[in-house]
Every structure is written in C-alpha cells, then in structure tokens.
C-alpha cells in the first residue's frame, strides 16, 4: 500500500478543516463559509467521486498556531484563522505564523461583520450604568447608540473589547458595563443588556483559509495576492523602492504592515496584500522585482477577494500589453 | 491663589509618574530610568528649588489606557508605557491611544533588554522535557541554548510567551516547559529551570514617556520624531507620496506601521518614527508636506533617541542649507 | 544730477528694445507685440507721465548674442529673441546665453504661428517639380498639401527649412523646390510658388522678452517660471530627484531640455519651464529644493503664459495650504 | 543574377561608408576609425575571404540627411555622422533623422577631441586684437590661453564657432579674430594665428556609425543603448515615470534630450542613451516598460561605448538575478 501523498493525506472519506475555536464563534461561521473552497482544491488530482461533493469535518483548535501546525503536519487539509479586524487591528500571530516556519499559503478569504453587545453583571439596569468600558474603535462605532440609550454614561477605553468584559468578570473593572462581541457574555458569564448596538455595518473581521503550498486557483479578475518582503538592509529608501516595484506596474496595495523580524528593534519585514493574481504579468513582474532586490520574499497565495471587486487594470499593464512588449523586444534583439 | 497651570497640576511637592503595572516589572525599571526626564520638564517655568532635584512618585496602573488617561486628566505628569517589542511586535493599544483621543506626546524613550527564562511545573527536570512552548521570535532567540541544553526537546509555537506559561499553569498545554520573560514564573506560580537563556542581547522592548502636549525638548542631534498620518483616500500612490515627502528632504524613517482607523477594513493610518527633530528644517518641511496632503497628521513628539545615534544629515538638507535657500528665494522674489 | 539707475538707464525719452533682425521678420512682429510689456516695467519707480504710454524704439541686431549683450550693457531695456520652434526645436544660442554670462531674465513671452511657402527658381512650374526639399517636421506639416498639389513629387529631408532654400540658391540642391518660411524667397531671391501651404496651424515659434534681473511681474494665475539647473554630479538618480522636487509640490513642467555645460560630453545642465510663479509657495519651495540639492540653479523669470491657460492648483498645494501648514508647524514647535 | 539583398547591397568587392563631408574634416577621421566596425557587420553571413579584411570606400556627403538616406536606400552600408558636441550641443538633424523616417540604428560610436585655433584675416598680429569672437563654451575652454596671450582682448559670444569665422570672412564681424575649429581657417580663407589653444582636452565631438536595422552586436560589458520615447500625453508625471522605468532596474542614463515632435509647442519626444545592452535583462525589461506605457518607442541600437567604461551592475539587476527570479516565479505559479 503506497504511503499517503502529502497533499491528500487529509482527504480520504472526509477532509478535515481546522479553525480557531471554540465551536460556536464567528470563526466557525467563517470556516463553514470557506469549507467549499477547500473541497475543489482537494479534488484536483483525484477521481471525481460521482456527483457528491465531499463533506468537510470541522476541527476546533485552541490557538492559531495549533491550527496552522495541523496544516503543516498534514493532519488537516486546511485551517481557517482570523487575520485582520477593522476594530482591533491585524492578528499578529497569524501574520507571524505565515511569515515564518514551514511555508503555508492563503487559498481563500471571507469577511464577517462585527456585531456589538452591551454586557454587564446580571441585574444591572441601563439606568444604573455610569461608566462603559470598551476598545476605542468599538466606542467609535457605537457612539450614537450610547448617546441615545446611555445618556448619563461616560466611556472608558480598554486594550480590547475582551478586556472590557474580563474586567467586569474578575472584579477589577471600574466600569459597570462593557461593549463587546456577542459571544463575550457567555464566555464571562455576564448578561447581555442589548445586542446589535453598532451604528453601522462597516466593522468586520477578515478570515483566511490556509493550506499547504500548491498551484494557486485560476485568476478570476477580482483577486488578491499576499506576500511578506524582508527588506535588504536599513538603507532608508528601500521601502520606497519596494512600493515603486508595485506602483510602476500599476499594482495597487490594499494592505501593508510592518512586523518585527525578531532580529532586534528596527528590523522589520512587510506583510503586504496587493490587487491581482500571481498569474497576471504585472503582478509576476513586480514579485520578481522584489525577489531580486529584497533579502527574501515569501509568497502567501493568490485568491479571490471576499468583496468580489474586480481589479482595474491601468492602460499598458494588462497581460496583452506585456505579451506584446515581449514580442517587440524579441524582434529587436533578433534584428527582425 | 492662582488656578494650577495645566502643565504643573501634577507637580506640587512630588510629581507623579504613572506606569503600566504591576510593580516589579520591566516597565517599572523603564519608568525609573525615564523619571529624571520628567523632572526638567516640570522644572520649566518653576523656580529651581535649591540644589535638590524633585523626586518622582511612581504609580502602577492596570492598563495602558488607564495610565494614559491619568496623564490626560492631569492627575499625573506623565506615564511610561511599552510601545514596541522586538520579539512580539508593537503594542497596539499604545499606538491607538496615541493616535486617537485627547492629544498626548512622547517626551522620551528607553529600551530594556529582553531576557528569557525556561519555566515549568515545580519538580520538572530538564531531561524530562520533550516539548517546549514559546512565541516564534523567542524560539529563534533561544535556539542555541535549547539545542545545547534540551537536545531531546521539540519547540511548539504559541501566540505569545505569556500564553506559553499560562497554558502550563491552567493545564491546557501540551508542552512541558515554556520560554517566557523572567517574571512569568512568579506570575503563574511555576518554577524557573534556567534564566538568561537568550542567545544574544538583540531582543529588547522600547518604552516611552508620554506627557500632555508642550514645546518639545531642544534638539540634541540624535533625535527621533513620532507622528500618525491619516492618508486622504484609498488612491493607490498615497503611501508612496507620503514616503517621498520624507525621502526628498533626506529624512529617514526608523519605523512605519499601519493601524486600522476603525472606519472599516482597508482603512489605515500610519504610525511613523523618523530621524531628526521637529525644530530642524528638513523635518519641519516634511511634516508641513504631510499636513498639506493628508487628511490629518498628529504630531507625537520629538525626543532623544535611546541609542544616542546621531542623525546623519545628507548634503543640502541641513538647517544652514534651508536658511541659505530661503535667503536666495527672497532675493529672487524681490529682484535684488 | 543723480547717477542713472541701472533699470532705467535705457529708458529716457524713448526706451529701446533690441530684437533679432533683420527688420521685417517674424521676430519683429513678436517684438512689436511684446513692446507694451516693456513699458510698464520701465514705468515702475517713475512718475506716470500723463496719459501717454511711452513709445518703444525697436533695434534690429545681427545675432541673439548681440541683442542680449545690449541688454546686459544697459544700452537697451530689453531684447526679443526666439527660444523655441515647434518645427526645428529649441534655439541653442538663446538657451546657452540665458544659462551663462551675466544674468538675464525672461519678462514675457509671445508665440507666432509658423507659415510655410513653396519656393523655387523663377520660372519653375508645379508640374515640373519631382523633388521637394525641407526639414522633416515641415514635411510632416505640409503633407496633405503636397499630396494634393504635387502628386508626382518626392520629399527629401534637409537639416533646416533654410538649408532647403539655400541649396537651391547656391546650386548644390538635388531638389527642385523647397518648403520654407515665407521670408526665405526674398532672402534667397527665389520665387514663391504657393504660400500658406501648412495643413494646420499647430506649428509656431515662441519668442521671449529678455531684460536685466528685477522683481518679477505679479502673478496672474496663468504664469510660467523658467530656470536652469546644474545637477551636482553624474549620480544616476539626480534628474529623477530634480523632477520629484517639482512633482511632490504639484508643479508641472512644460519644457525640459538638456544642454551641454561645456565641461565635456555627458555633462549637462537642464533648461526647464514649469507652470506657476515664483511668488507662489509651491514654486518657491520647489526652487529652494533645487537650490539645496543642485550645484547651481539660475532663475530665469516668472511671467504670464502666452496661451493664457490658468494653472490648475492641486489640492493641498495652494498658497493658503502652505500658510496653514506653516502656522500648524509653528504651533507644534512652540507647544501651543 | 539575383537581386541584391538589402543588407549586403553595399557589400560586394568594397563596402561603402558615407560620412558628412567635405573630405579632410574630423568626421572623415571618425569615419576612418569606425570603418572596421562596419566590416565585421558586413562579414556576417559571408564567407571569410581569406586573411584580407575588406577595405571600405568612404563617400563624403553634403548633409547628414543625404548620408543617412544613402543608408536607407541601401546605396551604402553605413554612414558616420556627428551626434553630439560637448561645446555646441547635440546635432538636431541627426537626432531628428534617427527619430523619424525609415528606421536606422547606431552600430558604433567614436569620439574625437575638439581642438581650437585662433584665426583672423591674413596679416593680423596678436597685439592688434582687441575683440575675439567665439561660442561661449569655446570661450570657456580657451580662457587661460586668451588671458595669457591676448591680455588686451575682450571676448564676444557668437552663435557658433563657425559663425565667428564667417563673420570675419564676410566683413560683418565686429571682432578681429575668431576661436574656431582648426579647419575653419581653410574654409573661410583666413589665417591661423595659433593652434591647439584649448586649456584642456575635455572638449570632444561624438560621432556615430549608422546602419540599417539588424541584430545588435553582442554585449561587451561596456555598452550603451540608444532610443527615442514618445510620451503618451502631456500628463505631468510621465517623464518621471519614464525615468523610473530605468531607475528601478538599476539602468543609468548617460544622455536625455527633449526634441519637438513637430506636433506643436510643448509636444516633445525624448532622445535617450542608457548604460547597458538590449540583450541584458535589466535593459530589456526597462524597454518593455517604456513600450507598454509610451505612445511609441524607437530602438536606436546597442553598441560598445567609445570610452570603454564597463557598466556597474547594481546588486539584484544582473542577468543571473533576472533568470533566478523567473525560475522562482515559475515555481510559485506551478505550485512546486
């Protein structure tokens, strides 16, 4: 009997998908929405098994690291983890796990709206609340509701929305109520006084489906490419040059973040999302430019954008333009 | 009796300095080293009180937010909080607190080397350890020690060094020992099996002394300027233009980080440290350039660099060069 | 009796204006149209002499150099010389004279449409013409007329339109007719077979009124600024940096040309026209940037554009934006 | 008898090389030095004819245009024409001929030092000279000699050195003597009072050997590539972007000049020389970038530099770096 291939080890009767647990969170919701993206990936190289699409077994993990290590070891076919939150920022452990260790790639993304609840110790009434704890961005996104419904209350900022709930639970908080995610009430055994109190729907969390490296899915015209660039030295203009590698080929960036490399203060790598797909010429040439000029570039996948917005291709930067330029150059070199 | 001046409200017989507690941590160590920087600041506008320098009362706070709110309210003269860690990255709550809310500025910085200990349940022997949990950057910085002293052990990555210790304490860890800061053993009531196990001294945490806004200290020639830039729109080239505002005036950046503005995924502001002092012409002109082209720019202070490295001033970008260019322009405009 | 002021030495009863002769050319036409621009300049500092505007005496000169030296020596108040021709290119002697020697400035500009005639030896008929000589750009601009009216003829290119006429006159030409300026027929004693044969009116010559340095005329909102930049060394990126000094402040260039500095092949200075007036903040700051980073910058005047097209001022680059940024910076530096 | 092949029409028993006449000038000297470069070109595809290298017949032409048209028509195998002069600037007719009409390429270049003579009417003595006419750059390069040998004389500037001689010959000059090329004395039937009067040897003229298009000679490591770029519109940043196409790939420019396109004032193309050979990856990619973003790009040849200075290849821009980046990209695209 042959040894299981690395890429299909997790397949078999029912492929497994890890996610950051516990069960019942928004991550599970994201994992369910991303699971179908895993199946076609698994199907490649297999016989199509009749008309049934394979069901995916979800497996909660205690940490992002545990989930991604299951992918690395081949025990699961993929993992769904949060990468960015428009309220509290990027998820450093996800960025760092993708930037270091055995290579992984992003195969798909999904966004989930962030909802806010007002939670407090059981028995608390809205009228009794004079201080509300929450993260500053959450405060900004519930300002109208608080002004209308808690006119007597003042808001104090906490490190995170979870910290606001935890402080009430462990008795260290000076605030009477916390604005948190809907799940925090259960977690801290507090009472939900109001839910859906966000002023608008702009807040959201972005989740990614992470797999072992393989050929990216075909371009859709609405794709995103993720990578990490380790800049050569501390020479001042290098970030500028890195950005120009994209700008000159008409490739827009949708996210750029510095992360410490662990080699000391002032030593960063840049975690980048750009518009377009590695199969497209302008993205490919920009990546080659980075590869030539950076210490290291780690490709983290090309995948469809969750928002489905198609990339606007600037004049002169389409695949046809690149092909035409290559023919032109070849004919000049040959003296045709 | 006159109303207390905003800047001296916290002074009195003994100015107070908040810090992120609890007592006995590296932050207290940083606070003690930065306290003297607070005193001269307070002294401005006061009579020199004989030959005694004012002693500073240190006040531990439960969160960065609590510490900074004490500064905002005038209850303390300043606060010392961590801003960046070469192992686990920037401290988001500090960046966000400085970027939003009532303005604050950085008056000084200090760095403290990061030391690592190996901790475990009491009674654990080195020989018995087969799995060690820690953050990836900490793992990288103790690799040699682990290879020499725990040759039989495998390292698993955790979200933070604290999480590695907490997992052992609460019994959820699969690892037998954790690599953490020296203080974690006490905190989690675990035993320190070895200390000072870092392979070299490059890992460090940067702390800042934060005060209410006021005139920055005079330039020393080895200064840093911090700011937050809110970029106008999602127009692709704007980060590039922002960087060019610095590059064109020969101002190097030592740190740049994107942070969510809270207005939705893909909406960022940039937290930036550059070399030089706002009193210097090249830094001033770059800041004016940002002010003209960004939605908003928040100045976060000019202060001496902890490492004392003097800024290299490129040809044509010194204060004398700017003054000379202004005279030249004035004479052309006047037709002299 | 007081010594004559430098700027009014040439004035007296009737200010004199030199121009590149001979009389009866397009330069004289340009000189007549620019003469009124000289008078107000002379009038500054003088008593307005009733309701009469001073008449200007025109003085033809044999060369651009002779005309400009008369300005330098104070014998005339100004000179009108050609600087650029959309058919045959810039006028090197004018660029070089402005770039070197005693400083001069451009006070005004005017453009004159270029017209073409077909000239030949007396007695030549259109039907007999098999070869027509002219400069390639003139050929391009009379292509339709030639195709319709000289279907049997082939066009050969000459170094200039004048050379095409001269060749017929001195018998060295292989062509039967020449396409030249209308004046060439007289000059070479040839016959005009057809005139106004240009296909459209886009061809024109630009003339400048040159004076001794003095305060530029006030901004009109539709101005141009001319200068020469001597780049510091042969360091590759310097032209790019020079262009960025303009681009970053939203200042567009309308002309840029390299000219040899006379210090050897590969040593150039750049003759530049940009949109805007030196009195405007964005132009002033760009010029100061060049002054700081170039070996030398020679200001050649700010003056109204001949085409009257108003400068589009990009967001953030208006004078008000600069003033506002200066106040902001001042208040940060003072700690207000 | 077979029809002559386009490329070998000029070959036969003795290939012909046109040059800008008359005989006995520096151009002939340049043509003789460049003739051997023509022979190997002709030899390609021919049988090596024993140990004799083919002799080349030189053919003087009255104008640059005539010389280049002989190349275009196949009557000669190549032409040697001046392209740039460190004293009087570029040779517009050569730039314009190469930029328009049937395509031609530069196959080689040579530089000839410029020497200056002092010429005057027969019988003139040095002591009698009070005014000397010459071009400003020639004046700058003979300043020391004039100061030592004509202490009583003043220098007046003329449009060209030839104009200074012509003025004496035709009696219109106000100057007594002219500083010109050594050949002008004969041409204007004047007397040479002194020769070799240049202060140093930096002044030179650059000549190019022009042929019909064909495969460029192999790279030597000390090559130059010439081209003309027609920029898309009058959009302000386009020249900047054009320069960045070179800068980003580490390709230095050694010459850039704007020339009118003939489509009206303010419409330019850019005549450019860059370091490197079209066969090199960084040059090829930069050219493709221009081809994609410009209205038109005309390749004018890759050929060895006359000065033999080898191109410094920046880290990350060598052919090996490009090949390595291509393999890397291919493996990412394939998911290897």
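Read from first to last, the chains carry the letters A, B, C and D; within each, the first residue is number 1.
Simple rule for what comes next: a contact is a pair of C-beta atoms (placed from the backbone, for glycine too) under 8 Å apart; a residue touches a chain by one contact, two chains touch by 3 or more.
Chains and their UniProt names: A, B, C, D = Prephenate dehydratase.
Just so we're clear, the structure is a prediction, and the values are computed from it rather than from any experiment.
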item	value
Those chains which touch chain B (Prephenate dehydratase) and also touch chain A (Prephenate dehydratase)	none
Third chains touching both chain C (Prephenate dehydratase) and chain B (Prephenate dehydratase)	none
Averaged-CA centre spacing for the pair chain D (Prephenate dehydratase) and chain B (Prephenate dehydratase), given as whole angstrom	58
Inter-centroid spacing, chain D (Prephenate dehydratase) versus chain C (Prephenate dehydratase) (mean Cα positions, whole Å)	26
Where chain A (Prephenate dehydratase) touches two or more other chains, by residue	244
Graph class of chain-chain contacts, one of line, ring, star, complete, other	ring
Contact pairs between chains, per stated definition	A-B, A-D, B-C, C-D
Chain C (Prephenate dehydratase) residues touching chain B (Prephenate dehydratase) - in the complex, by the definition given at the top	213-216, 241, 244-245, 248, 278-279, 284-285, 287-289, 291-293, 299, 315-317, 321-322, 324-326, 328-329, 332-335
Contact footprint of chain B (Prephenate dehydratase) on chain A (Prephenate dehydratase) as seen in their complex	62-65, 69, 84-90, 92-93, 96-97, 100-101, 111, 135-137, 140-141, 156-160, 163, 172, 202-204, 206, 236-237, 239-240, 243-244, 247, 252-260, 262-268
